[in-house]
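Same chain, two partners: chain A is paired with chain B first, then with chain C.
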Partner chain A sequence: MADIAVQRIKKELKEVIESDEIQRCNIFVELADDDYQDLRGKIAGPSDTPYEGGTFHLEIKIPKSYPFKPPKVKFLTRIWHPNISSATGAICLDILQDEWAASMTLRTVLLSLQALLAAAEPDDPQDEMVARQYRNNYPLFFKTAQYWTYFHAGGENSNSEFTEKVQSLKDMGVSDTRALIALSSCNWEMLQAVEEIFS
Partner chain B sequence: MAAVDAKSENTNEGNKSDEEDEKEKSTSSSFECNICLDTAKDAVISMCGHLFCWPCLHQWLETRYSNPTCPVCKAAISKDKVIPLYGRGSSNQEDPREKLPPRPPGQRSEPEPQHGFMPGFNFGDGEGFQFHFGIGAFPFGLFTSFNNFGFGGGAHAAGMNIPPVQTPQEMRDERFLSSVFMAMAILFLLWLLWV
Partner chain C sequence: MDSEEEYIYESDSGNESSENDGIGLEFDSDEGVGGAGGAIGKYKDLDEYPFEVLSTEEITKHMIDCIKEVNNVVNIPITTTRILLNHFRWDKEKLMERFYDGDQESLFHEAHVISPYKTPKQQTKDVSKSTGMEECDICLLKMPSAMMTGIECGHRFCTSCWTDYLTTKIMDEGMGQTISCAAHGCVILVDDQTVMKLLKDSKVKLKYQHLITKSFVECNRLLRWCPYPDCSYIVKVQYPDARPVICRCRNVFCFSCGENWHDPVKCNLLRRWIKKCDDDSETSNWIAANTKECPKCKVTIEKDGGCNHMVCKSLSCKADFCWVCLGPWEPHGSSWYSCNRYDEFEAKQARDAQEKSRASLQRYLFYCNRYMNHMQSLKFEHKLYASVKEKMEEMQQHNMSWIEVQFLKKAVDILCECRQTLMYTYVFAYYLRKNNQSVIFEDNQRDLETATETLSEYLERDITQENLADIKQKVQDKYRYCDQRRRKLLEHVHEGYDKDWWDYSDP
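Then we have the complex of A and B:
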């Protein structure tokens, strides 16, 4: 690991810990190993979004050529968002690819991800299924994302209808995560979801 | 609240040193390289005003050679368009990253000349002479501006700009070229007079 990368990460960890955001419990980052290559981040779902109340865990991998190349970040917590894969947590965000600049830090990356949660870009999707729902039926997208926040990220549950649907699929012997994905991608149509699972 | 109370109980002396520490911290942080976040070594500054260590910026430019942008504000940036910052008494410190390419040199442009533009060319009496001279000088003017060389001894005497600092090799080349041009100019003038 290059010297400059380790030095940077040390400073950046300090910056995040000393920042105002951590005091408001909005972002957090810690080391996952001792050689400063693997980190874990946490961001709080922004208010007035379907992610409000949830805490989203992130995996941050620091490349050897950091900060000249961007860190590799993905969501460990499953999330229903047009620019984040619902299956793998991969993120489609320009600053983590071509628009990366060496002056960006872990703090700005985490804040950018938080901003991405508040302002999705369905025209440049990572998860086409989610983006289609976002474009065609925004109220249902909102409720689905809210339910995912409850289910995976510790948000509040305010949707008993969805809970019942997931439960009835579970009764058929389907795992609850599988049931959630099938129902979400079929716009919560029970028959379609059953068909998708058992076809 | 407990922390605030404890601080207010500090002696005046204690408070003063805290303030100084704070001041020192904010001063040094404003001279941090935007890439390594350390105090800038071999400091250079971009046209958009952002400070970097030259080794850091060089590495960034290497990674982004197709479309180099400022790592802070994404303005266009290039090796020729960064200015080195020369502090005082810092040249003795050995830089561990010395093996990297040297910092680009400072760009010195000469101040505007005090007197008017080429007053030496007003020596001609007849209009016809000036006309011929104008045509004769044209291709050499083109050559000289293209090669960024001075016009030779005669032109220096006439009050033209002194060329920027050059290596001895460049100076020899320049002297040679100007003598060639001078000879060509004389031959051309002779030819004009003969025709």
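Then we have the complex of A and C:
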């Protein structure tokens, strides 16, 4: 690892820990190993969004040529969002690709991700299934994203109808995460979800 | 200014085959420049197609001349002229037109340079008066102002971060002409003189110069690299066309597509054919499964993540398109994806196509076999040159003059040309739909094929002292016949192009 990368990460960790956002917006970052290549981040779901109340864990990998190359970030916590893959947590965000600049920091990345949660870009979707629901049936998207936040990220807003449907699929021997994905992508239509799982 | 420009490119000339610059660069005296022209003449009996072959140093000089020429007129810093020219893909006229007709401010803005008429703004952020220290936004260290630098946009970073930044862009991302300032969202391009000043490692400098030359050649429609492995010459033409050109390395290729000269088949069909032929290998299976072609420039693209909005990274293309439907990206932004809708009609077409493909495989194998066979033989004929040379020397020791034995070399020359033409006739034939003219073409093809095989047989047969006179006559007759048949075949195909005889199928 280049000196400059390690030096930067050290400073940046300090920056995040000292920043006000740690209180105000709830972002957090820590080392996952000793060689400054693997970090873990946390962001809180912004208020007035379906992600409110949830805590989302991130995997942050620092490339050797950091900060001249962007960090590789993905969601470890599953999330229902047009720009984040519901299956892998991969993120479609310009600053993590072409728009990255060496003067950006982990703090700006985490804040941008938080902003992405508050304002999705369904025109440039990572997860086309989610994006379609977002465009065609926003209220259902909102409820689904909220339920995912409850299910995976410790949010408070449960949904008894959804819980029931997940439960009945579980009774058929399907794992609950699998059931959640199938139901969410079939707009919570039981029959379709069953078909998708068993076909 | 001049000496500076030349200095910048000085080290580039060191690398690229400058040893050829001396006498070695001239053609061997017996072939001469006329010989090179002759080689082309043999390939196609058409009106002249003027071209010249340039070395990397000459191309650099050509590039500097272009810049100077424009600069004499527009009179702005040479570095800015270069960026503007690159923006217009080295089309001087277009640049001049925009420079004098339009709004210059918007021109500079579009080309991502700061107008040279503005006095550069000096950013004086965070300079603490007492210490004269500034913080670099990249390494987050406090530095004396003397160690900080930047370009006209005013963003300043420490020189060592600049060096690292430029090195990453050049070595990892292969960017040359289009490296922008390191600040977030700043699109102002770093000029070549600044880059050369900031780079320390000579390897990186060399790569940078190479990238600049490369983008110059690739963006310029009148230039093309010789595609021969490790050849670094460039062919310059006066107008782009699908014509044969010969490099100083003796490689004859099509200026339009860069493949070996492939008369009678046209570039687009040949490209389809080559792709098809490659389809057998594992690599190609992978390519087929994991990549698509840019709809504009046809470069092969692998998608390794992110959304479906693709921007072609090819230096001269930069098309925006959708990965799913390969249509232009623009409509996707506003009207949502319509490309994700399952199209019943298209699906049925796809199924039908699959059934057809079985039958067409047989047909393909037929043509491919013959194509490959000639290609293989062509490779062996190059061995034949060696054995023929020996034979010619041997004969000269048996009372024959040098001139009397030249027929053998000539015969092999013609044999190779015939094989090459035949090889490409099978590509042509594969895509050709049957009609009266195609029957005539196939007759020509068969005739040439038989004659070529006979010639090949003669040449491989033992030529001894006893049968020499006899065999010489036979060989000469046969190669004259082959050459004539080859010309007739090509003429017929070209006539067909002119008169629109050829119908193509899409097997």
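Going forward, the second predicted complex is superposed on the first by the 195 of 199 C-alpha atoms of A that agree within 3 Å, B and C clash if a C-alpha of one lies under 4 Å from a C-alpha of the other, contacts with A are read in each partner's own complex, and residues count from 1 in each chain.
Following the convention adopted for this analysis, contacts are C-beta pairs under 8 Å (C-beta built on N, C-alpha and C of every residue); 3 or more make two chains touch, one makes a residue touch a chain.
Being a predicted model, the structure only gives us computed values, none of them experimental.
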Quick check on the chain A-based superposition: chain B and chain C, clash or fit?
clash
In the superposed arrangement, which partner chain does A:124 touch: chain B (first), chain C (second), both, or neither?
second
Now for A:135: first (chain B), second (chain C), both, or neither, which partner does it touch?
second
By residue count, is chain A touched more by chain B or by chain C?
C
Is A:7 touching anything from chain B or chain C once the two structures are fitted on A? First, second, both or neither.
both
Quick check for you: in the superposed arrangement, does A:156 touch first (chain B), second (chain C), both or neither?
neither
Partner chain in contact with A:65 - chain B first, chain C second, else both or neither:
both
Examine A:90 and indicate which partner it touches, taking first as chain B and second as chain C; both and neither are also allowed.
second
Chain B collision site on chain C, chosen from 25-33, 43-51, 187-195 or 241-249, when both complexes are overlaid on chain A:
187-195
Residues on chain A in contact with chain B in one complex and with chain C in the other?
4, 7-8, 11-12, 65, 67-69, 101-103
Chain A residues within the chain C interface of the complex
2, 4, 7-8, 11-12, 65, 67-69, 83, 90, 92, 95, 97-99, 101-104, 123-126, 128, 132, 135
Which stretch or stretches of chain A touch chain B in the complex?
4, 7-8, 11-12, 65, 67-69, 101-103, 105
What part of chain B is in contact with chain A in the complex they form?
34-38, 50, 56, 59-60, 63, 69-72, 74
Give every residue of chain C touching chain A within the complex, in rising order.
137-141, 157, 161, 164-165, 168-169, 172, 182-186, 305-309, 311, 332-333, 336-337, 340
